[in-house]
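Here's the structure we're looking at; comments come further down.
Chains here go by letter, A, B, C, D, E, F, G, H and I, matching the order in which they are written, and residues are numbered from 1 within each.
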Amino acid sequence: MLHTTGGYWDAVAWIVAFIVIAVVVYIIRGLGRRDFRKDSAEPFFSGVELPTEKTHVKASNIYWGFTDSLKGYYSIMKKMHDGIINNYIAWFIAISVLLFFVVFLPEVIP
Amino acid sequence: MMWEIIYILLGIGIFFNLLASVGLLRFPDVYTRLHAGTKCTTFGSIFIASAAIAYGLWRWYDGDKSMISLAIHSFFALIAILVTNPTGAHAIARAAYRSGVMPKKAVTDELGGKND
Amino acid sequence: MIWNIPFITVIVLIAVGLYAVLFKRNLIKIAVGITIIESGVNLFLITLGYRKGGVAPIYTNLPPNVEIPKGMVLPVPQALTLTSIVIGVAVLALILSFTMKIYEHYKSLDSHIVRRLKE
Amino acid sequence: MIDLFSIILILISALTIIASIISVLMKDLLSCVIALAIMSLLLSLYFYMLHAPDVAIAEAGVGACITTAIFIVAIKATERYEKEEER
Amino acid sequence: MKAKTIFFIIFMAFLLYAAFEIHPFSKPTSKMDDYIISNAQNETGANNVVTSVVFDYRGYDTLGEATVLFAAVSGVLVALRRKEDKHE
Amino acid sequence: MNVFMLTLLFIILSIIVAMIRAILGPTIPDRVVGLDTVNTLVIAGMILFGAAKNEVIYIDVSIVYALLSFITTVLIAKYLEGDKL
Amino acid sequence: MNLIQQMPAILIGMPLIAAFLTPIIDRVNKKIRNGFVIVVLILEEIFMITLAWHVFTNGIAIYTMGASNPSIVPLQAAVPIRIVLEIDGMSAFMGLISATVCLAAGIYSISFIKEGNGKGKYYTLLLIMLVGMLGMEFTGDLFNLFVFLEILSITSCALIAYRNWYGDAVEGAFKYMVVSNIAALFVLFAIGLLYSRYDLLNIAAISKIMEYGSLEKIALVLLVSAFAMKCGAVPMHFWAPDSYTVAPAPITAILVSASQASLYALFRTCFSLYGNLMDYHSIGIVLILFGLLSMFIGVTMALPQKDIKRLMAYHAVSQTGYMLLGVGVGLYLLGSSNFNTYGVKAMEGGIFHIINHAMYKGLLFLTAGAIFYRLKTRNLNEMGGLAHTMKFTSIFFIIGALAIAGIPPFNGFASKLLIYEACYKVNPILSIIAMLVSILTLASFVKVFHSAFMGPKLHDVEEAPKSLLIGMGILTFVIILFGLFPGWVVNNIVHPAVTALANRIDYINAVMGG
Amino acid sequence: MSEEKNNGRMSIIVRTIASSVFPFIVIFSFYIIMHGHLTPGGGFQGGSVAASAIVMLIAAYGYRKVDERVKENSLACIESIGAIIFVAVAFVGLFMAASFMYNFLVGSPFFGEIPHGGNTGILNSGGILPILNIAVGLKVMAGLSAVVAVMALSAGEKK
Amino acid sequence: MLVFIGTTVFCFILWLLFTFNGNVWQWDEISAGIIFSIIAGAISRKIVIKEYKQLSPKKWLLFIAYLPRFFYEMAKANFDVAYRVITGKINPGIVKLSPNLKNNLSLTILANSITLTPGTLSVDVDDEKNLYVHWINVKPEFFEVSKECKCKYVCSTFPDWARRIGE
């Protein structure tokens, strides 16, 4: 039993509920017609022949749309991750300078 | 009396050390610079170390017992300089010759062509 | 009377080393820069411990008329610096051996070329 | 008033800084190593004059020999001149 | 490149500010160190206070230092070891 | 004023002059000569400072330098000779 | 002699002496060496659990190195002279993580690392790495922290470069070495600044008499930015993907908990060293910003990756953001009246996330290693259909992926829930971004699962060897355990850690007495 | 060319001087290590000086010649032994006396003399410090020379 | 074995000198010295001395007798360098000398001596033990001297001293 700010979370209860629901679903599924599956039709792919051999989508092609729509963002990111060691340290210096300003500003501007 | 001796020794040491530096600046090529850099610094350091040795012995003679080790250790530093400095000079000279630095204004070069 | 010149020396040394790390593209130069920063920090620790008129904190053959403890420099920074020097050597050896291996694979020491890992 | 010790310390500081700058700016890495050795040497003198002989010995043993040796071996295995190649 | 230079200069300026803020050179605060200088001989029996700090008061640091060196030597041996026959 | 310290000042001046050679030196051997000179001068300076402060035990450092400076020179010379290590 | 009193020293000393013995045993027999290392790691785990249990029940444990009675700080001087190890709830918590991950990785390495001329040194370095983590987490001394930071980074680099026949491996090691060494040098500089001010090195003693002057501010900035860089907070995270990608898989799993040791040092600096002396609002906001940036940039960079380990490395960056977010919210609220209500909850979430992250990210990296072990590639494009043969590996992967995505009932959900709800009270936008990142995480792991495990059978491979499965199994077991009983874990392990971190006065009094 | 002929050896003068200086450096490094608790120096400093002596031999005679006598694996073993001595002494402090790194020998008969004030140095004072000095010295000597030797070997292989 | 003992004794003497601090040595100092000299001797027994002849005390006495002469030459050398630094008159060249020395030690002594003495700097040494010397002031008469006397002409009596000490 994990108390959060707004309530609580109990994994065991959740699992019990999950199992109960699963059992109920299974029972409901068992109530249906058993012979339905046998004469179910092939899905209709708008006239296109289904490929017989199994295919595998390449990893680089997944979420292609996502990356393509965020092209501007990704080009900036790729420029940031340029793999040059000098720039890695430069970022450290930059962040330190920003932190210096954060820490020292209350002194300058009361 | 003792201080005068030390002054003289230190003076000679300073003179030769400065001479070494000036020689290092004035000479035209590596080999002649090595002459200045090796001989004069060694000689100057000998005098400076001798000043320290004299000082240590004097203080020891005056009753400060542990000052004898100032003299002994300075003596060892002196020996070490004396042994290693000319060897280092030789190593550099040979390396310089083999890496193709020829002596400038050379009258004769009997090593020429033998650096294989 | 010597203002804070040793501390300023330290900062300048760190600046020079950091300059090498930031702007030099040769990997061995970066190692040189790290060594210089290391030296600067070591010098910083030692200068922190210096006390005017102090002698080294060693009782063997102590010169006469040394006031204890105010007449000795602080020992803890020296101990810290010793540790720091050893760590510096260890790091330097490791960095340079990596550099040798990198040259074997990339045939270059330019940090703009040694970047197969990016994006 | 400024005493002799301070003058010497300031001179050594200046020399140390000069040596470090030289070791960064030189294009020939071997010169860098030599400048680094000089810097380590002067640093050791600095430590020595700040009454830290323990550290001075350590810096002597490490800076005079081991560091230089490692650098020279590394330069030997790689290349001697810092090349500015086109981006 | 320009931004890098600016950040670098500002960073060093802050550190330089720190150098001016530290206690004046040759006048350190000493609380722990005075205790160590006075008592090191009695507590550790060593004349060299630095050694007694290195190996007794802060001996654990020295253990760490020895470990660093050991790790670095092992690291160099690992990084520069010869190629094995079977690659992973 | 301690005469040893005064001498040390002159030694530092010599170091400055020797360092000019180490910086200018057109070839590597020139620089090494400068390094060698600086080395010897630093050893002398260390001896002087130890004597000036009446500190007997400080001289160990200069012995270490006197022994080890030679190794740097030999290593660089070895590199220049072009032999394998 | 009271063994539990001496436990901190034994925990540090035992793996150390084992590490020094390993090269000698390696010359005698390889099998004995493997057994020896595993036995030491198991003993370490047992001792760590004992010590942690002791700390959680009895409060802070003190160990003074070299004193005649180690569990009290000698009082003849007004300040601690010797090095003091101070193990409070947070340290013990972090120690548990390190020991567990190292045990799993050690077992995993038996067959993962091929027998060759480097394996003895591999185990030596692994043990020293454990020592480095434990030392960083236990110590109560600033300079000692620096020393162990360096031990950790040196061993990490040596192990990243273990497969030195790949150019990338050495390159990643070089980058990590430079980055971590610069960070460590600035940490040392900051330590010097603090030392110059107070002539002390003990964290508690400095904290007791500290004033918030300009030197302390500079030291604070250097410490925070250096540790933030070492734990991989955006925008100083660039080394993390580089080095995580190329390290051997078990080392990557340990590297995750190693960067969490830096995170621990960051929290220790913020909470125990400076505490509510400093301007904790602004530093809290800075931590929250770090967290948000890390989460978002990490996960968006992870999405298009095609290298499986690089993808996971970006997720590691992203998950670090959650911890920074949770604890940053806690720091932001520290001292206000809201702290006891939801500030504590946020910190509980953040710190619970540390252990969860170490477990599931370790597990994921180990599964990636198992795939690499069979396929010899990390490229997702060349994988496919592995679920046909590598059944256990795929099950482990599913568990890890679901845990990292925050799907109930696994442990990731519990900690994320805590963070969401607490952050919602501060600012709803924080929670919204956190949830968005969680969704994107799930998306990218769906991609990995699809590309690697689903689809037609492309490769004819076998199941991973037994030791790999055991190593993964340990972590899976812990994940399921934590997922099933999050309440128990939070109340008994995480809550003591949070209170230890938040109560600076207790930390000081344990050393300085009264 | 000279590479084959010299096989990495320096000229005969350098070699002779290196040989003659070698025992001097070695005994001096032992002096530094042994008197670490009395004079400036100690395990690390002496160890690095001794390692420098070995580096000098490597420089003067070439790596091959030194490799015939000292293998880097045995150097690594010596280093382990030094480290083990260190940790073992620390553990003796834990199990026999009070705590880890406890200086249990101070006040005991042999190493336990406690000097007072400025003196000329007593070798058998310092408790466990001389033992730790020797351990660290052994370790540093073996470690640093192993580093240089391995790097030199690796650099030489490539050519 | 003799070599080992010789090295050990040498090391032990060095140790005694290092540790001398005004008082008579303590027993622990001496015993530590013996132990460490034996270790140092064992390490360096095959490196240092290659011929038994070098151990003879007569050589050492000769070496000490050689020092004043050597020092005198060194002083002369320095004034020579001072002269050349101030005037800038140099006339350098590399010349070949055949000193006919048999073993390495004597050659080393000769080379180091002539490096520190007037106007000469040893540059190289070949397999036949011929020295190549950089001479800062090559006199024209040098080329007329016969091959055997060249050595004597450049470095006066040093070869004899080196032969007596080294061989």
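Quick note on the criterion: a contact is a pair of C-beta atoms (placed from the backbone, for glycine too) under 8 Å apart; a residue touches a chain by one contact, two chains touch by 3 or more.
Not measured: the values here are computed from a predicted model.
Undergrad: Work out which chains are contact partners of both subunit A and subunit I.
TA: Under the touch definition, subunit A and subunit I have no mutual neighbours whatsoever.
Undergrad: Which of the two pairs, A-E or B-I, is linked by more C-beta contacts?
TA: If we tally the contacting C-beta pairs, B-I comes out ahead.
Undergrad: Between subunit A and subunit B, what is the gap in Å from one C-alpha centre to the other?
TA: 74
Undergrad: What's the distance between the Cα centroids of subunit B and subunit D, rounded to whole Å?
TA: Subunit B and subunit D have C-alpha centres separated by 22 Å.
Undergrad: Roughly how many whole angstrom separate the Cα centroids of subunit B and subunit H?
TA: About 30 Å separates the centre of subunit B from that of subunit H.
Undergrad: Give the residues of subunit I that touch two or more other chains, as numbers and ranges in rising order.
TA: 18, 21-23, 111-112, 122, 124
Undergrad: Could you list the positions in subunit E whose residues touch two or more of the other chains?
TA: In subunit E, residues 4, 8, 11, 14-15, 18, 22, 28, 30, 32-33, 36, 41, 47-48, 50-52, 54, 56-65, 67-77, 79-80 touch at least two other chains, as defined above.
Undergrad: Using the touch rule from the top of the page, what residues of subunit B touch 2 or more other chains?
TA: Subunit B, residues with two or more chain partners: 22, 34, 38, 42, 65-67, 69, 73, 76, 80, 83-85, 87, 89-91, 93-94, 98, 115.
Undergrad: What residues of subunit C sit close enough to touch subunit E in their complex?
TA: By the definition above, subunit C touches subunit E via 2-8, 10-11, 14-15, 18-19, 22-23, 47-52, 56-60, 68-70, 72, 74-76, 78-80, 82-83, 86-87, 89-91, 93-94, 97-98, 100-101.
Undergrad: Can you list the residues on subunit D that touch subunit E in the complex?
TA: 52, 54
Undergrad: Report the residues of subunit C in contact with subunit D in the complex, numbered from low to high.
TA: 1-2, 5-6, 9, 12-13, 16-17, 19-20, 24-26, 28-29, 31-33, 35-36, 39, 42-43, 46-47, 49-50, 54-56, 58, 73, 78, 81-82, 85-86, 88-89, 92-93, 96-97, 99-100, 103, 108-110, 112-113
Undergrad: Along subunit D, where are the residues that touch subunit F in the complex?
TA: The touching residues are 4-5, 7-8, 11-12, 15, 18-19, 22, 28, 30-31, 33-35, 37-38, 41-42, 44-45, 48-49, 53, 56-57, 60-61, 64-65, 68-69, 72-73, 75-76.
Undergrad: Looking at the complex, which residues from subunit A come into contact with subunit G?
TA: 1-6, 8-12, 14-15, 18, 53-60, 62-63, 66-67, 70, 73-74, 77, 80-81, 83, 85, 87-89, 91-92, 94-96, 99-100, 102-104, 106-107
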